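Across the two complexes that follow, subunit A remains constant while its partner is subunit B and subsequently subunit C.
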Partner chain A sequence: MQLLLLAVAVMILLPLYWVLKTSLTGENLFNYPPSLVPRDMHVFYFVDVFYWIPFARFALNSVIVSVIVVVTNILFNSMAAMALTYEFNFKPLVIGLYLSSMMIPFQTAIIPAFLLTRELGLLNSHVGLALPLMSTIVNIFVFKSSFDAIPRSIIDSARIDGVSEWRLLDTIYLRLSSPAIATNVILAFVWSWNNFIWPLIIVRDEAMQTLPLALSRFLSYFEDTSGQLYAFVVLVAIPVIAIFLLNQKRFISGILAGAMKG
Partner chain B sequence: MVKRWLIGLGVLVVLVLGAWIYIKANQTGEVRGLVVDGAGRPVAGATVRLREKTLNLIKQGITTETDAEGRFIFTDQAIIEFFIDARTDGVVSEEYRYHLYFKEQDFELPDPIVIPVE
Partner chain C sequence: MNDRRRLPLIILFLLPSVLVFVLYRWLPVIWNLFLSFQKWKPIGANEWVGASNYVTMFADPVFWESLQNTLVYFFVGTPVAIILALILALFVNEPIPGRNAYRTIIFLPYPITPVAIGLIWKWLLNDRVGFVNYVLRSVGLIDEGIPFLQSFDFALFSVIGTTIWQVLGYFMILVLAGLQTVPTELRDAALIDGAGPLRRTWSITLPLIRSTLFLCFIIGIINSFTVFDMVYVMTGGGPGHATEFLVTYIYRNAFEFNRLGYSAAMTVVMFLVLLTVTLVSNRFSGGEAGGARHYE
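Right after this comes the complex of A and B.
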């Protein structure tokens, strides 16, 4: 069993290793004989990425958009999830609407989303880039599962003590839901960081491009520069891996809670 | 969780700051080196040509001459990758290619440029 797990782990990690190796050696996939061991390693491909394109500018755009998305996800999703813990008329209908909207792919709503963003004057802006991901249904239900698990007695006693709704959300719901927050942070960050189609639609100015757009352009311009291309891929992937590793334990417990109670 | 984030952020800040300080301390834009003949003796008065390599092209070269000790220096070079060769009395050396870690890096060629003359 352990051998099987080891084999699966190698299968998963090998492509990542290959990307890292190519970014350091420039040996592309067609080199013969293929070598697993890196030869003549250097960091110059990473240096080229920084100097050939305005990488820092693109990275800053991605960071700004991702921070907006993460913060708004935590705020809006927790508010929506808190509302869903209450009993009110047509609650099953509201939940049904939420769930059914998950089944509509974003591509089908992209034209109305574009028109709306244009009417708001947010085309070509960081807020406009973040807009469609500011609240996500999956993350609302991650919060809802976590909030549902909080004993009613704690909420009721806080209410009896005169705690306001905002304070209830802040000091009880969110304080007791760190796995759900971690899950929101990771999912929102990854979705925002990897988002390609929406920035492609609304960004007009090169200075507003995010990393996935820049990567696509880099690929179309410089097909034969495998070392630089793979270095770019590594630089794009590092923040996502770092965010996951920083939140890994809580993320897994948050997802598991959602799986059991969602 | 917050502690882990702060440590991660702190490490990142230290790395970026360290790299920035190192770059600022070594950003003179000078490329220096030595030209020798086949026997390893310095070649005085040799013409050294440096050609910057950019993303799409290799630029027209700039030249300088070696001093009595066979040494040369190019100043104010905001380059990241370049080719360099030397010639004297119509004999040309092999062309060497170097890549720098950052623009305007203070760089001493690790090996002398060898012109195959006796």
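Right after this comes the complex of A and C.
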């Protein structure tokens, strides 16, 4: 049992370690047989990534899109979740729309999504890149279960004090839901950061590339076995790995809530 | 409480998210249906062409090959991933030393950018400098490096294997969550009755986490029908069309050959197959799997 777990752990860690090592040494690209322990580490390949492509520009694109996605997710999802705390006639219809949207993978929507975004004049734009991810079902329900847990008495007494509904969302619902906000931030960021097919479709201008897109095209600059490529891989992967490792519990409970929903 | 007077506010609150899902999920379903009966023109109105896109599709061997590859992924890849995840989850559910570390490590690939993972494995599987071939040669299994991703025999399973490598931890965490709902008293009672570990797992644990397993299955269906990023960077669908999947072929026709009508027709068929498979397996599970979650 332990042996199998150990074997699986090695199979998962070794490739990641190998990439990291190669990005720092370039070693096993030229040496055969490869050595396990890194020798003569240097950051030459990382510097080279900045030298060969406008890495900072692509990173900025990724950051801008991710910030838009994260902010709109918090805003739109919490608004939707708050609306669902009210009673109204077409509530089942709205919930049905949300849940059924989960069964329509974005990959089946790419062609009309492209045509629509073109009509809106948002090809090659940060807003266009962020649009399909601006609200996410999982995160709406993360907010909803957090809002449902807030005692009605608090809400009612605030209303009696004359607090408006907008202020209610801000001062009570969101203030008491910091774990739900954190989950929204983490999941929205990771989904946006990793997104590939959508930038691939709507980015025609080289300067608007996000990191995964630039990474996939980096091969055209170099041979496929260059240390620069793996330095690039490390640079793209580090933010999401860091976010996951720093917020493991929240990340996992968030995606579990998403999977169980429905 | 009467919320009717708040109706304008409710609508305002719902509007942004509803717009996102209507415009980028529901509208495309209908739009695809219309587009599938048209020949798309970059400028000017599209031309109605009847069912000719569908006729072309059914006569297109590459369409059938990509459908077949998608189904191979679904029928082979998904069960393998779930069974592996189940075994791992059962193991890390036991009070063994380092089980939290194992959980973290096995889950670690899941959040990583798929494009990055595709590039890593493309290199590990390389015939000259790839680590996998190095290991195989070192233990004397092969004399010459195998060009896994250029080989008609290995490419499909190499790509599927890579996606399993990434998603394994996710399934494991799902199963693990299901295992927490199994009452320990039941297992303890079986233990006292002298049931061995295999028997306890088979007759008590598995039936109780049935709904979780079906949930994994449904997610596996969606994953196998939507696989794209890794294939795109690892093989681009090749060699030939050995790793062509539905989405890669749809993407290529729409955005490389400008055949948007044809791609829309394939999307409609893909969506219908996906829906049928999901509904059928949901029926088999007695509706227990409930809904499923997509990547976004």
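Just so it is clear, the second predicted complex is superposed on the first by the 211 of 262 C-alpha atoms of A that agree within 3 Å, B and C clash if a C-alpha of one lies under 4 Å from a C-alpha of the other, contacts with A are read in each partner's own complex, and residues count from 1 in each chain.
Here is the rule we use: a contact is a pair of C-beta atoms (placed from the backbone, for glycine too) under 8 Å apart; a residue touches a chain by one contact, two chains touch by 3 or more.
Source: prediction; values computed, not measured.
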| item | value |
| --- | --- |
| First, second, both or neither for A:L99, with subunit B first and subunit C second | second |
| First, second, both or neither for A:L16, with subunit B first and subunit C second | second |
| Partner chain(s) touched by A:S178 [first = subunit B, second = subunit C, both, neither] | first |
| Of subunit C and subunit B, partner touching more subunit A residues | C |
| Contacts of A:D48 with subunit B and subunit C, given as first, second, both or neither | first |
| Contacts of A:M79 with subunit B and subunit C, given as first, second, both or neither | second |
| Contacts of A:P132 with subunit B and subunit C, given as first, second, both or neither | second |
| First, second, both or neither for A:I241, with subunit B first and subunit C second | second |
| Touching partner for A:M1 - first (subunit B), second (subunit C), both, neither | second |
| Doubly contacted residues of subunit A, that is, touched by subunit B and again by subunit C | none |
| In the complex, subunit C residues that touch subunit A | 1, 3-4, 6-7, 9-10, 12-14, 16-18, 20-29, 31-32, 35, 87-88, 91-92, 94, 96, 101-102, 104-116, 119-124, 126, 129, 131, 134, 138, 165, 169-170, 173-174, 177, 215, 219, 222, 225-226, 228-229, 232-233, 247, 250-251, 254-255, 260, 263-264, 267, 270-271, 274-275, 278, 290-296 |
| Residues of subunit A touching subunit C in the complex | 1-2, 4-5, 8-9, 11-16, 18-19, 28-29, 32-34, 72, 75-77, 79-80, 82-83, 86-88, 94, 97-116, 131-138, 140, 165, 190-191, 193-194, 196-197, 200-201, 211-212, 215-216, 219, 224-225, 229-230, 233, 236-237, 240-241, 243-245, 248, 251-252, 255-256, 258-262 |
| Residues of subunit A defined as touching subunit B within the complex | 42-44, 47-48, 51-52, 178, 182, 222, 242, 246-247, 250 |
| Subunit A-touching residues of subunit B, taken from the complex the two chains share | 1, 4-5, 8, 55, 80-81, 99-103 |
